[in-house]
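I have a structure here, written as structure tokens, and I will follow up with some questions on it.
As written, the chain order gives the labels A, B, C and D, with residue 1 at the start of each chain.
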């Protein structure tokens, strides 16, 4: 274990080779400096709904808007997102609110379609889709790389290395829960990953308390825990009416809940890391 | 998932049947009310060292002293603790400092030997040693029950139920990390367990950031995360000279590090749960 | 990985230190030589039922009879076995049939009660109950040690080492399934464990296809697979009327099914390992 | 658990909806009828070497040739296969030997390049790359779908469903080991998966004893176990000089070892499933 750091074969991602933290600028947001809050619905549903929600989460302190247009779902019969239309809505709401936007890309042939999306998200199931990693590595966009649900830290950093090796240094790592034997929660938030990754790499590390719990009642404690563990940001699913969400309503919080989480999270960040 | 709570077969441990939190009084400490800090060495080594350390952690806010006398080790050739002598040292330091003490019991025939120990700890490997659970269930002592490293929440609460069913209601649950595929850390702290167990049971839930990370550099972030997730307490391995510890030095923090963790943890507790 | 063998800290269990296979004689059965079949009910229910079943499985090729008297159950409210009476029934049926018997021991204080039981079984949940391991290590009885459901091969062999280090060399290892993320089966039979353990140790290795699948429909393929992987034996739950079993009926096979499994297993053993 | 089958949301893959086994014809091989042996090197290295090896494994009973041209590797710095040239070599050796060939596809834009490859392999890391699944689902080629290393049977069958739902019914499932806490082996062969998948689906199920063990010494027992568990085939890495292989030499067997495995496997198949 002692030699874990020096033996692992990632280079560009390694803190040994690059001691200072990487800060990634997206719009006027500096990811990796202070606490960045990313919020929005699991899936984009309509422009009106997204615009209203964006205003609310922005007022609560979110600086980046999330929204899924292409949804990789375990079953081919589940709602797959509204696709191209979703991207267009995201771009409109970005213009209306001034918030940079992040959305998941599942196919390299969609890169042109994502030209006005600020951050390309690679989902957990595609973390080792090396063709896609290389493709986003050839863009100049920030990439939000989610940890595979059964990936080690080494696998995760080597996936980041695929992007970095193509010349794109703007990689944000996201711990989103691993698969374990426990079924009460959808996934098991590996909170150790946050400080461990900070030891191993200079890239920013954020957490997804929505997927890593799968239960809205656990989103607050998981969010606060991730911040207390040193996360550089949170990406949280927020929905005006979680019970009516087209996707993943069980893990969404309301704008009111998000407001309280955001404010408490900022206080914890200050106490624990910015004294 | 919706019916997880109502379908599970634990009764006395269930929050459904007992909505209010259980508070367990040990000495003049109320576990389950505010944040309880338990600190001390992995293994008791000498009276002098333990007394000095106890004074320091007490000054930093620890209200209970931990120390292992009987150490269940994976290998029969590893240091197994100093046994009876360790118990005697713990009792002396308890008298000198006024701090209640907790120590691990591995054999029901030792119960008489533990008569002046305040809290009987059941370790992870013995979580389903039902003979031992029943034996401590027949005492009137508080029991610190550590989660088995591959136990579900249901298994864990059913193990508690074995103790409760014998008439002893003073069970403190402890999340101490689960075994996963990740080897950078010794175990994977299941932070979700803390709020999830609070949903399922009225018993106090504490966390062990030492075993659940196995690396002293991760103890601070894991401790703060557990408190932010709502833990009722922390049990932390502290050693004056971690590099010279007879057992588990790699995960011990110094008294100075403990002091800062304790103080920041108390602040997080206040901000997140006692506003 | 190359140095896994030489680095691990078990000594008496190691094949490096003891290249030839250990053969354990119980009654007139040589465990570790050819294929040994152990069969019987999960829990002993009555003398008549056990005697009838024993005659059937003996006729099908089983040479050792299994039967649980003390059943460690996850819930305190589940059937816990008939205890002392179960042991007495086992001993009577042993006398009537001449078959050696194996039964699980859960408490060191029961050793005297097990004096006429030929093989002491340590269950998965007690694999790291080191007090119990030491206690059976001080007897001269054969011990059937089941792998903990989240134990590595190293943990498993170190548990065996606890018994060996007390002077008892008659340890039979049993792969009984590990806990994974898959829930269709009760456990995941780690078939690799059989040849891997044969590489690492000289002790006999058997498999439990009943617990490692949890579904009677999978017992035949799992049994045949274990034999094809080189298992020295099988321990199979057989019940005259699985649907009426007091414990674990879902994974029991009928005597007729056992008869076919036993015969096919012996043929596979011959083709694959005794040419 | 009882309702697992009827509750899971796959339709076209379900045995309930399609009780008879699916047999997939590739060249003059019927996959799903008897035992199909697929063999060849991890990575295609040269035409001469592949041709020689193909002749040997064909003589030993292999009816399909495997060979990787595009190798998805965890690290971007590891050997990634020889790409297009490897495909060309495979096609030449197919013509010379008459053996159908299988090779891994990692990018939908390569489908035209694979026009003379008989079976498109989807690797474990791409099992939930839904874009790629849909793309191969729109071809008329057989698809060898490897189980994701942390996928449940349900996830696996839903991935197959993505292919089936596009109109391609020629899906061969491959158990290749899951990730567990055990590190002596590269992966843990989930032998239960073979009969369990046969219960749940009508599609053929084969096993990969090379990746599921990661150690050449375990390939024979794992192969025989998979056949004894009812596998419809095996896909085995064979190399003339494993110690000089460009990729995965540690898990390759020699042609001589393959010959013995093939012959013993066929005998086990006959004894256990074709009486």
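The rule is short, and it goes like this: a contact is a pair of C-beta atoms (placed from the backbone, for glycine too) under 8 Å apart; a residue touches a chain by one contact, two chains touch by 3 or more.
Composition by chain, UniProt nomenclature: A, B, C, D = 3-deoxy-7-phosphoheptulonate synthase.
None of the values given here were measured: they were computed from a predicted structure.
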Selected pair, greater C-beta contact count between B-C and B-D: B-C
Rounded Å distance between subunit B and subunit D, as computed from the means of their C-alpha atoms: 47
Subunit B-subunit C separation of Cα centroids, rounded to whole Å: 34
Where subunit B touches two or more other chains at once, by residue number: 150, 154, 179-181, 183
Chain-level touch network, classified as line, ring, star, complete or other: complete
Touch list for subunit C against partner subunit A, complex: 179-181, 183
Subunit C-facing residues of subunit B, complex: 9-11, 72-77, 106-109, 125-126, 128-132, 148-150, 154-155, 158, 161-162, 165, 179
Touching residues (chain side subunit A, partner subunit B) in the complex: 1, 4, 150, 152-154, 178, 180-185, 188-196, 199-200, 212-215, 217-218, 220-222, 224-230, 250, 264, 267-268, 271-272
